[in-house]
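Mind having a look at this structure? Questions to follow.
As written, the chains take the letters A, B, C, D, E, F, G and H, and residue 1 is the first residue of each chain.
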Amino acid sequence: MNESELHRLLAGVRRGDIDTDDAASAITAAMRQAPYEDLGFARLDTHRAWRQGFPEVVLGLGKTPSQIALLAERIVANGHTLLVTRATADTYAAVRERVPDAIHHEMARAISRKQGEIPAGHGTILVASAGTSDLPVAEEAAVTAELMGNAVDRLTDVGVAGIHRLIREQARLQRASVVIVVAGMEGALPSVVAGLVPAPVIAVPTSIGYGASFQGVAALLGMLNSCANGVAVVNIDNGFGAACVASAITHIRR
Amino acid sequence: MNESELHRLLAGVRRGDIDTDDAASAITAAMRQAPYEDLGFARLDTHRAWRQGFPEVVLGLGKTPSQIALLAERIVANGHTLLVTRATADTYAAVRERVPDAIHHEMARAISRKQGEIPAGHGTILVASAGTSDLPVAEEAAVTAELMGNAVDRLTDVGVAGIHRLIREQARLQRASVVIVVAGMEGALPSVVAGLVPAPVIAVPTSIGYGASFQGVAALLGMLNSCANGVAVVNIDNGFGAACVASAITHIRR
Amino acid sequence: MNESELHRLLAGVRRGDIDTDDAASAITAAMRQAPYEDLGFARLDTHRAWRQGFPEVVLGLGKTPSQIALLAERIVANGHTLLVTRATADTYAAVRERVPDAIHHEMARAISRKQGEIPAGHGTILVASAGTSDLPVAEEAAVTAELMGNAVDRLTDVGVAGIHRLIREQARLQRASVVIVVAGMEGALPSVVAGLVPAPVIAVPTSIGYGASFQGVAALLGMLNSCANGVAVVNIDNGFGAACVASAITHIRR
Amino acid sequence: MNESELHRLLAGVRRGDIDTDDAASAITAAMRQAPYEDLGFARLDTHRAWRQGFPEVVLGLGKTPSQIALLAERIVANGHTLLVTRATADTYAAVRERVPDAIHHEMARAISRKQGEIPAGHGTILVASAGTSDLPVAEEAAVTAELMGNAVDRLTDVGVAGIHRLIREQARLQRASVVIVVAGMEGALPSVVAGLVPAPVIAVPTSIGYGASFQGVAALLGMLNSCANGVAVVNIDNGFGAACVASAITHIRR
Amino acid sequence: MNESELHRLLAGVRRGDIDTDDAASAITAAMRQAPYEDLGFARLDTHRAWRQGFPEVVLGLGKTPSQIALLAERIVANGHTLLVTRATADTYAAVRERVPDAIHHEMARAISRKQGEIPAGHGTILVASAGTSDLPVAEEAAVTAELMGNAVDRLTDVGVAGIHRLIREQARLQRASVVIVVAGMEGALPSVVAGLVPAPVIAVPTSIGYGASFQGVAALLGMLNSCANGVAVVNIDNGFGAACVASAITHIRR
Amino acid sequence: MNESELHRLLAGVRRGDIDTDDAASAITAAMRQAPYEDLGFARLDTHRAWRQGFPEVVLGLGKTPSQIALLAERIVANGHTLLVTRATADTYAAVRERVPDAIHHEMARAISRKQGEIPAGHGTILVASAGTSDLPVAEEAAVTAELMGNAVDRLTDVGVAGIHRLIREQARLQRASVVIVVAGMEGALPSVVAGLVPAPVIAVPTSIGYGASFQGVAALLGMLNSCANGVAVVNIDNGFGAACVASAITHIRR
Amino acid sequence: MNESELHRLLAGVRRGDIDTDDAASAITAAMRQAPYEDLGFARLDTHRAWRQGFPEVVLGLGKTPSQIALLAERIVANGHTLLVTRATADTYAAVRERVPDAIHHEMARAISRKQGEIPAGHGTILVASAGTSDLPVAEEAAVTAELMGNAVDRLTDVGVAGIHRLIREQARLQRASVVIVVAGMEGALPSVVAGLVPAPVIAVPTSIGYGASFQGVAALLGMLNSCANGVAVVNIDNGFGAACVASAITHIRR
Amino acid sequence: MNESELHRLLAGVRRGDIDTDDAASAITAAMRQAPYEDLGFARLDTHRAWRQGFPEVVLGLGKTPSQIALLAERIVANGHTLLVTRATADTYAAVRERVPDAIHHEMARAISRKQGEIPAGHGTILVASAGTSDLPVAEEAAVTAELMGNAVDRLTDVGVAGIHRLIREQARLQRASVVIVVAGMEGALPSVVAGLVPAPVIAVPTSIGYGASFQGVAALLGMLNSCANGVAVVNIDNGFGAACVASAITHIRR
């Protein structure tokens, strides 16, 4: 049971559609569930959707395919939506054996399987990326944001070396509630975007570049030092994290 | 004229309270104003409030008190709210000569003077800080957010070494629309906070610490690598920037 | 002969169970043994157990499997307990040819073979790890500590993003004489643990993470800058070293 | 009331020396005390002595003398022992006005005032320093350790460039329960010491050096990479932290 | 005698205006002059104007005012144009005693005195700077370029956070033969400029910024990783060096 | 149609060789072409030759061979000259399927195919390299410069450890309009070259070296700190970028 | 012809054993030889033995086996002794085809072939290494030093964690004219050695270690900051360079 | 008594000039002297001249003037030559009170007082410096080398930007037994020098420069990566250390 389902249950009770005893036992069952499930090698945080609005996500880095598959199976068994990031082909093969209807987002390097009802975010999240090589990170952000209940708009290859490509798309920029900007090399795109829109900008440096890019450090520093106001930054290549922040923003209750 | 004033003007026209000629000439006057004012040593971005919802802010670092005072005078003359960050006592003395009713926020190292109507943000921005030494940065964030039209709640000295100080304040954490977390040294507080709330967390590393803190780099890296989802980071000691992002979030139109 | 055996020998002499001549020749034989054995490519420190309570351990990095196997054989031939860290499958194959009953701890990437009597440490060493990916380092610490005569308790996947997983385990934390905390990414766990227990905390940063984790540097800096007192740090991924310090602590004579 | 006082109170009750009503009200009073005292700019952690065996210590860096003096006054008013580290002459002047009998340890840059009963640690903590310039950090460690109830032995200027100065002092090294080793420049002393003693070694890099010492980074890296087992490291110049770890070790209950 | 004067002399000889004996002795005198003048603490490179088109310039950093004044005097005595960079007020006072008609460019932190004929460069060098705080470096570039015989155009405060300020000045950008772009913080301006013009762009990172700007490193890395082609970079704050490269370009013989 | 072709067209019109209607429709067709072509994963900047004198170049790093081949095909279809840098054998195989007459420059790791008329640069670009291992980067510079319409002179293996190899080639150095200097390890060659010639020097650090060369950082820093005037630097291994700057210089209109 | 051969020739002339004409033509032939041989991809410095006492050595990193083989062949053809460092098995295979009697020093990763007469160095060069994993670098130093005409003594596995292993070898340390000390990890061995001997110490950091060793940076910094006098340092893993310095020392003429 | 004096004493005994009893008691007195003198804050290494040929030298950094003065007094009282490096004017004032005839070398920032007989080194040590700003470090090297018994030649301001200044001085370079090369900025001078001479080169990077020189790191890296053989490096600004190595070389016994 997640927060939306609880609201629906209580609304049903108020309307008289749902019996109070049934409601009580459904809530009790959810309450009794331990806040985490101990798998020996991991403690699955089963209450995360209650605390944060989305169930625990599996970071594919540093875990074996079989560990990931086991975690995926338990998440699905708990009734939650599954998301695995940084998933290789091997990981997908292992997960599909335990979660046969899981989907592989190749460009985004992610695996997902929806389940239950995810509350919709307000407005649109725009994911803008500077170059073709930044696409895997941008897609990780876009796929994550969509899975978390958001409308996503994609703007590709609008790097600052050809500023007219960006200027032409001002209307789409203006429509966005939150803008995720993905860029490698010098990471200048978030500064220019943030100067054009009133929306909050979440900047994602990528490890694209060579030499003095230092695997994304140059882009990271550029974004942290943005002369434009309203830019916040996540880790290098962390499209997932940017989507989490953006989705937290679109899900604020007013 | 800013966006709120324009809306009010047009509403007055619709109601018949305001003459169309008067309205037309007021709008024309605003249109005619160049998008920036060239002061020789600076181009004051006079349209920023139109593009981003808040007028250009003066970063006090690297400018002389007299340059800052001149910029302050022009901002006020253009009818905008004034905010100077990283202001020293000397700067305040210089500014007060040209803007006599400017206010000095000593702890926040800021100078301000309100003018015109600033649209109110939705919800509350919580500014949590880890230690006493982090207060100047936290106050810079709080003062900025207030000036931008936000309700601000302050939570002081809740560092992770005494986690019970934070756990006791969960209710205030849950009420916030956005949480700004300010911490130096190992910068662990944003991770713990982000694990407790569904709100977006804007983390501000501070230069507090010594030795291997490298003037805030340890805290910055800690925040960028947060194992909690939903954390975005701004530059070291950049309380102002965090408030800009937070205020951009509370001002999203739905 | 190690220090325990010497104590037992002398106690036997005092009780009259052991002949003084036999004792004298046993001690003389140990004395005559050179303090190291020159293998050409290495000088095996055969007196280390006398000086430090545990024989020389073989770090598997940067040595060929055959070099390691030869060292292992000599350690066993000198009557000492064998421990090889950072052992690959190839290394184990080579060692097993010369030390057939050596054990491979796969998760811990270690090879061991007990021999002689190892004095027991006082109390329990708790090994707490932040995430599933930190397990190999945590296991290296746990296996090493056990081999050095310690009782070890393991606490897995208690990272700070779900602080309730840790808070629930306070009783086990309080029972430990020494706590080894293993964490990658932002490395915040030792700060939180050290704020909860009076025991000394040995923190082990791991290379788990990506981007601005810089192969464990972020975690290392976080731990060195811990705002909690009573945290000391070892090298990135050095589970072995943490166990050495912890075991030195549990073996202090009072 | 701290843990020792509680033990004494209960022993008095058992012996019949103390009235149960008096005991009950004394314990109740301590229980009622909030776990922290909110000073506006700080939350004094008044239960730290209960959790960790020593009251909250004031780090003098980044706080104004008057903030420090106010914190000092409240710590003393709560019945706790006072320790301020990194105290300047100005700080001492401010503290003395509110805590007239506070002591200034000039070489150690610390301020202290004992109060109540501090449980004695087991054994001796040896503080060894490599050069004359390392003395302020070594003294910070020694003064802290003494205040925490430990016997401290000091070994000065035993750097590795004249190894005979260290070799001559082996007896004192062997007697120590814990060894704190303070060194700047290349930071090699902990490796040599740890090769000579079975005791745990807490290494403190100092910022002494120039050029490629990078304010203590060279020493820090040297200590983290020690080829000797049983070395754990604290932050650069963190004599206080080393003493905390050492004292946590000498206070382990068996 | 410099190259222009030699050309004029020979043209005079060809026209018959100058006696061959006089010409011969003038050239001989120049030939006899040693290629450097040994001042004990320095070897003044008196042939640099022959090799590189401009006499040796004095970098004011790391030299005492009296050393600089002595060098200045000798440069002037050799008939060369004087340029001192990074000159403090003290330096100017010392130089003026030995070179009374030297000029102090305060904003540019430079001292100059023209002498002889400096060949004019082809076209205009545009010096664009991102913010007010970047002006001293931009002025160092502009003053140097002018002294080396170039027409200089200045474009101030055109940072990327308000891209319209730059777009409005495209005509001036297009007219330049070489563009020097001076920017601190994220250093994004050269990328945007280089995407707009066919001219070579010389980028100068400045130390303006704080926190993760690392005294100009963020800007430097951003410029080195520019996604726009045709950007070359000089050292942080090296306005002088940028002008040297730009002037070398405008003085290429075709 | 590029700028040269436009000039020729208009000259033909003036001479009466070309019909005004034909000219008008040719220009109109070029005008109608969008400034970029959206390929989904990339926006090909089809107007770059108009803005910067050379069409968009494909950086081979971080793109799949099939993405590169598709971009190559579109560039050729737009009538532009093709250049792919950092091309592997796989990339060349994929490109050749779509652009059969593309050429592979193996040493330079580049793919090219000329098309249309490229305006000739003024003078010669000299590419000097310090060692044999620097050749791939030097060749990337040389091939790029030639493709951009320049005469290129190559000077190989003239590192500073045998300064006579360089001194002997002074005549060639003096003849160059621009000098590109490619060097790894300590990167000292640009300083020596820039001391010998009046031409602008574009320095390219390479990642050649080991240990404290840090993949070219040592060379990069050496070049940025050159004590010789007139040196500008591009990214590590960026032979392409150096050629762009050099060619921008040789194509300045006077 | 090298310097020794010239001396012998002239001595023969003085003794009347060699005809002056023959001597003259031999010297003339050597004079006529160009100071380098241009191989297209490299300029072989054929006069290096004249300038520096040993012919040009081939660094195997960054060159193809066939380039190395070609260089090797030319060096041998010029009558010089061949040395290739960092040679892989593939390199050796390629070299042996052109220089069939070349020797492969596997542990040292070097290829050599003596030729002509190499002047003997004065005294012994001692190569001391800290651990087994440092052996390849130590052997590179030893093999190079021997090839350059020196007597070499090897001291293996004398790291500071078991200082008695070093103390026992003081006699050999005292006998050395120059000591090369090879160590990874914390790199403390040179400090201890330099405190024991009057001879110059050339320290070689190795990349042995993990985590915060940063591929030898920790050892490098340790050695640069040695508190012992008389230590000079070469690049990480540069056994060859250390031997060059040591051999330059033993070949100084008095 | 130092080694020279011992030799002289024994020679006197052999010649019969000195009574054996007198000699015996002189030697006994020296033997009885402890190998260090404990001053409380320091252990003066009184046997260093025996072990290393020169008494302990006082590094002025990080010590108070009165500590330095006390050490100076004891060194002189022990009959040794005094050398204090990095001495400020305050230090000199304090030393002069206890050692009235101490000399202040202002440029070299050193204090000295000769005493006893220092054995002469073989040959000349050449100290070459790249620029005027490098002089204090070069002088520290020169003064130290002279005090240690060496003939010193000084070559000033021969940086690589005007290579002819160096080429002209080849004769002096060839005459040197050891060359110390002092350079800041890009630190290229040692590579060029080492390519010209057979002597060992000791390179000293200086902190001269700005921006990306990183207080001498650029020069240090340049020197460590020298493409010339036979270069060894000491710490940034460590003129003293370079002189120690050079003097150890000139004092090798053959």
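Keep in mind that, in the parts below, a contact is a pair of C-beta atoms (placed from the backbone, for glycine too) under 8 Å apart; a residue touches a chain by one contact, two chains touch by 3 or more.
Given the structure is predicted, the values throughout are model-derived calculations rather than measurements.
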Topological distance between subunit D and subunit E, in contact steps: 2
From subunit E, count the fewest steps through touching chains until subunit G is reached. 2
Of the other chains, whose C-alpha centre is the longest way from the centre of subunit C? E
Where the centre means the average of the CA atoms, what chain is farthest from subunit F? D
Do subunit F and subunit H face each other with the same patch, meaning over half of the contact numbers show up on both, or with different patches? same
Roughly how far is subunit C from subunit H, centre to centre by C-alpha average, rounded to an integer in Å? 45
Express in whole angstrom the distance between the two chain centres, defined as the mean CA positions of subunit A and subunit C. 40
Multi-chain touching residues of subunit A, meaning two or more other chains, are 131, 161-162, 195-196, 211-213, 217, 220, 224-225, 229, 235-236
Touch relationships between chains, expressed as pairs: A-B, A-C, A-E, A-F, B-C, B-D, B-E, C-D, C-G, D-G, D-H, E-F, E-H, F-G, F-H, G-H
For a test of understanding, state which residues of subunit F touch subunit A in their complex under the given definition. 35-36, 40-43, 45, 47-48, 61-63, 67, 71, 205, 207, 215-217, 220, 235-238
Within the complex, subunit C is touched by subunit B residues 130-131, 159-163, 185-188, 191-192, 194-196, 209, 211-214, 217-219, 221-229
Under the touch definition given earlier, write down the residues of subunit A that touch subunit B in their complex. 51-54, 57, 122-123, 177-178, 195-202, 220, 224-225, 229-236, 240-242, 244-245, 248-249, 251-252, 254
Please name which positions on subunit H make contact with subunit E in the complex. 131-133, 135, 156-158, 161-162, 164-165, 168, 184, 208, 210-213
